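Structures incoming, each one as structure tokens.
The same chain A turns up in both complexes below, where it pairs with chain B and then with chain C.
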Partner chain A sequence: MTLIAKNITYRPDEEFHLNDISFEMNKGELYTLLGRTLSGKTTLLKTIAGLQPFDSGVLLYDDQRFDKLPVWQRNVAMVYQQFINYPHLTVYENIAFPLKQRKLAARSIDEQVRQSIKTVGLGGFENRKIHELSGGQQQRVALARSFAKKARIMLLDEPLVNLDYKLREQLRDEFKNLFSAELSSESILIYSSTDPLEAMQLNGHTIVMDEGRILQHSTAKDVFENPATIKVAEITNDPVMNTMRGSISEQEIVINSDFKLKLPDHFKNLSPGSYIFGIRAAELTIHENGIPFTLEFSEISGSETFLHLENNGVSLVALMEDLVAIDAHQKLMIDINVDQMYAFDMECQLVKSPFQE
Partner chain B sequence: MKSLYYIIKYAFITLWSVFVISPFLWALSTSFKNANAVTGGATYIPWLQFQPTMEGWRVLVKSGGQGGIDIIAPYINSIVVTGSASVISLIFGTLAAYALSRFTFKAGFIKNNDITFFFISQRIMPPIVLSIPFFIMLGKFGLLDSLPGLVIVYVALLMPIAVWIMVDFFNGVPREIDETALIDGCNPFQAFYKVVLPNSLPGLIVAFLFCIIFGWNDFFFAFVLTFTKVQLIPVAIVALNSSVTPWWSLSASALVSVAPLVIIAFIVERYLSKGNLSGAIK
Partner chain C sequence: MAKIELKEVAHTYHPQAEQIDYALKPFSITLHDGRRYAVLGPSGCGKTTMLNIMSGIVTPYSGRILFDGVDVTQKPTASRNIAQVFQFPVIYHTMTVEQNLAFPLICRKVSSDIIKKKVYEVAETLNLHHHLTKSAKKLTADQKQLISLGRGLVRDDVSAILMDEPLTVIDPDLKFRLRRTLKEINEKYKTTLIYVTHDQNEAMTFAENIVVMDHGSIVQSGNPQELFEKPHTTFVAYFIGSPAMNMYSCSIENDKIKLGQQKLKLDYDLNRLKSKNIKLGIRSEFITLGQDQQENTIACNIKNDEDFGNYRLLTCHFDDLEIKVKINRKEQINADTISLHLPPDKCCLYENDVLVN
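Right, the complex of A and B next:
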């Protein structure tokens, strides 16, 4: 155990910015904070960095009170979603800044800076000023500065969100390799993101946050396969998981009188009664033996199509893996893959997922 | 359409330039004229329409006994007073402005904005209201008619300007830059002078320029708080005005007195556009 938070709460006004946050993090591992905008991710990162005070709770690092240390003695690194660098310095000086601040020998500073510049692929840009770089390059500088520091804790606050689509894809792929190569066994890396795909790709421990609370803390795979609540399922799925109220009775899933589904094997042991059923958009297909839905509208996103469907007050979104051009207000027969269905109780807690034994 | 736009644009710029530059040219030509050339109708072209003379300029360096005003001592006084008051105002004003921009102060109902307004409010009062307390205070400390006394008063007058400009400037510098400096191992004061200050050069220059201009051109306090020993430029120039207005030496002294401002403006103007914060934050 290295970094431990115990019941950290921060409530500057009526709303909780951090609500009873507790976790344990180990050296040499990667943690992804997954949550929507304003879910408290940035506040938590700033709290760990020491930039943000909190009302109650304890933050420990190696059994020492970390929250009693001022920011400049904590030896953390932070990469912001805005590309924060020192505009009056060159790329080289930017990366050397924290090392000079720590009064390291000139020789080892030079070595570490050159190493970091190479790692993030900014060779040849050493003497450029920051404003002469593109957004992606600026973010690489910020990243290189964090790597060069060899900080105890590296905090990355949605580092890709302000980049354009292509660059984001490219950097995300690089991140995975960078992190596995550069993350020393001595430091903790905390990466915040709104994008579930990013969390899956980085494949570290995943902490799902909402309204300042930690909803679930597990591996990326587990959070995706077994979301603890409907809220977690919403946050970890893009597009969000479809939910519909219904009940289980007599070997059937009953949504309404016209909308019944075969009971899948993994639901066999569930007692009859009311549930909220969840199904991912990708598990819906157009099939002649399906259930009739009306297409409200369709949207094309990249190489995928989202179909917004409606049946007697039940609204679902289906994800098609290709471009489908269908006129709105048409009847479509939709097959639902019940083997991938989730069951939540009426308090929105997970009862049964297709991945549970 | 586009060429019409250019014509109008350059017409305006030309008109404005003439408007701004012609008084200077007129003063320059007047300063080389003698009494006849000034009073006997408008003359423009030297050697043809009037004979240039250095008389107007000579008055500036003659001592009072010889009918001159000896502008050199007031000149040095003005440089010392304006220069040191501006530098002091800028140093303390910048520190105050940074604190007001970054930290939260609260004393009852008084918050940061109220403190900032308190600084500015010092300039809202008419100078005449301030002159009496200043006069009495300087008198009590024996600082009337002295350089230190003037510097103190000018700091009180110029610092609000510096605070005002710099608060606004620091508010435009993203806090994340300070935070990054703290994370990178700077204590708050190091974050200020190693990171924030080097990136605030444009603001510092504007504040400094304003201080210099206000200080240099101030007549009222220089007049009220000095008698004979210490004179500043604006007061010394007024001393020229006797029964007959000597337009030629007035012009010469006016040119001499604006010269430092023009020179400073030219030097400093280059840095105004150079320093910018692009690249700090997207």
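Right, the complex of A and C next:
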């Protein structure tokens, strides 16, 4: 049994906030909404929660009209970007609050609250007031409250975005285990993020959104390996996938007059003509037999180095797996791993990926 | 532009308290003209206090601030010629892009032809010159942030541009673009840029020099490579790099260092260590897949194998200890166990949490 959206559209002014959204989500599964800010992720989550009206389309839960139900009958829990808790209550009371509203037996409330506190790692903090907690702890309280509710749909709207980098890293690590342990076969978890790494790590179903539309809906791995369009490849890669216009002719990839590449095996069946080729930054290496590029500048990111390269109007970014200091404005020979190349048509639709049979 | 010196600066928000509770413990630092700095640390480490002392929003409890040798400790923000960029874009919504950029100059009664020239030049650098007549509120988040920055750049008298988490509201792929522009500006205008962030990735990407702070103290100042390869304290080892450096409490047995049941040989005279509090750290990037009989090789069980797109992260166990290793995405591993080699020159040794080798 499932949550089904059919052709949901919301267009309050001339701009689409949601544009013909359709999906099916199964119980017991994790879904990641991946997209940039203003791509419609939050609007979609609010629509599911019942906090946001829409113009046309239907939302079904177990074949019943879900969109006709008022918010309080939907049994949905939502965790926001901002840490939203009851500031005057303790950690324990915060988590117990929705259960008390539901008038559950005191004993079962206590059991569920203690269980959730344990799950999110807040044992010992039961009697603390919210303002005595760090941001990360506050977000754990919000998370525990939604777990304790045992809601049938849990919506997490970029819950880590306002946390310190290191904490984000730690929680992201914990989330995956937490979700697989806590996600009962009865509930659906929907998690929104702008970060492709996060989507990869959560490793659930991934729905890529842009400008209010769903661009692709598949597994995290498939979306990464076989992006349906260039836009999806941009959203699912950090740094974004390099693209360059060129053509296939006579067993060669021609980018420009002095920039030609060997045709890889997986492109052998493609018809000659114009394409947009895609290659990830990690597939470029410095190699004496490569193609000459000018290094515009290099930058270190975390534990990697990005090289910004240029050849006759073709700009590429290469990712080196360690920290290297290279002076800018020099020539570098760059090898492009053609076996990992993508071909898109001139409408930016995927024609061939290195992962397709 | 100016050289900024902080001499024996310290700050407390409770000067009346009997025992001084420092938000910023006494320190001295010189920020050189025309360079890019990042001040990096977790929430509450004192980095914003430091920034506010430079800009004059906070007057320090003790110590002096010099701009190009001139004492400005008691001077208000307005007379320090500092430009600031905050987390959220601060723009005049009712004005066009051009009017926004011209505003600081109009306030300073600069002649209109100079304004026009200067505004266009800065707009061109920031790639905003096609939007000059547009209403500022119609721009994207990163463009709005560029306007905030541009208002600092149009002035010739700016000593430094201070930025407090300026990329918080910007999507990952736009961050890339904005960082690039910041660097170009730094090269073109030789502006001293000071950038405060909790995000080690951003700091490493942006800055030539990173000042790492923790609990009100500067714990290390250096270039990204130094911080990554030889972190001075176990805190820096944890905070820089993703994942954090693998770190183990160890003991000494003869000329070897012992972690769990494993013995490693390092190029360091272990007799020089006086304390019992010895730790060994190694980055997940520097561990290689080894052969069984090789020295400094540990046999581990693989607990987790995560695909992050650009790389894979293995989480392995030995003697109840956990070790994380970054490997190539395409690496084939067909067993549950693996031999990991820890190169001695890449191991960092800490005595009382301070680097010794």
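Rule of thumb we're sticking to: the second predicted complex is superposed on the first by the 356 of 357 C-alpha atoms of A that agree within 3 Å, B and C clash if a C-alpha of one lies under 4 Å from a C-alpha of the other, contacts with A are read in each partner's own complex, and residues count from 1 in each chain.
Definition applied: a contact is a pair of C-beta atoms (placed from the backbone, for glycine too) under 8 Å apart; a residue touches a chain by one contact, two chains touch by 3 or more.
Keep in mind that this is a model prediction, so the values were computed, not measured.
**Q** Chain A superposed: clash or fit between chain B and chain C?
**A** Chain B and chain C fit side by side in the superposed model.
**Q** Check whether A:197 is in contact with chain B, with chain C, with both or with neither, and answer first, second, both or neither.
**A** second
**Q** Given the touch rule stated above, what does A:88 touch, chain B (first), chain C (second), both, or neither?
**A** Touch partner of A:88: chain B, not chain C.
**Q** What is the contact status of A:325 with respect to chain B (first) and chain C (second): first, second, both, or neither?
**A** second
**Q** Give one of first, second, both or neither to describe whether A:135 is in contact with chain B, with chain C, with both, or with none.
**A** Touch status of A:135: both partners.
**Q** In the combined three-chain superposition, what is the angle centred on chain A between chain B and chain C, taking C-alpha centres, to the nearest 10 degrees?
**A** 70
**Q** Examine A:107 and indicate which partner it touches, taking first as chain B and second as chain C; both and neither are also allowed.
**A** neither
**Q** Looking at the overlay, what does A:76 touch: chain B (first), chain C (second), both, or neither?
**A** After superposing on A, A:76 lies in contact with chain B but is clear of chain C.
**Q** Once both complexes sit on top of each other, what is the least C-alpha distance from chain B to chain C, rounded to whole angstrom?
**A** Minimum over all C-alpha pairs of chain B and chain C: 8 Å.
**Q** Both chain B and chain C contact which residues of chain A?
**A** Touching chain B and chain C on chain A: residues 135.
**Q** Which of the residues in chain A come into contact with chain B in the complex?
**A** Its residues touching chain B are 46, 49-51, 70-78, 80, 82-88, 97-98, 101-102, 129-133, 135, 138, 145, 149, 162.
**Q** Note which residues of chain B are touching chain A in the complex, please.
**A** Chain B reaches chain A through residues 174, 176-177, 179-187, 190, 195, 198-199, 275-282.
**Q** Mind listing the chain A positions that touch chain C in their complex?
**A** Listed in rising order, the residues of chain A that touch chain C are 36-37, 134-135, 164-167, 169, 194-197, 200-201, 203, 221, 224, 234-240, 280-282, 297, 299-304, 306, 308, 319, 321-323, 325.
**Q** Note which residues of chain C are touching chain A in the complex, please.
**A** 42-43, 141, 169, 171-174, 176, 179-180, 183, 198-201, 204-206, 224-225, 228-229, 238-239, 241-244, 283, 285, 306-311, 326, 329
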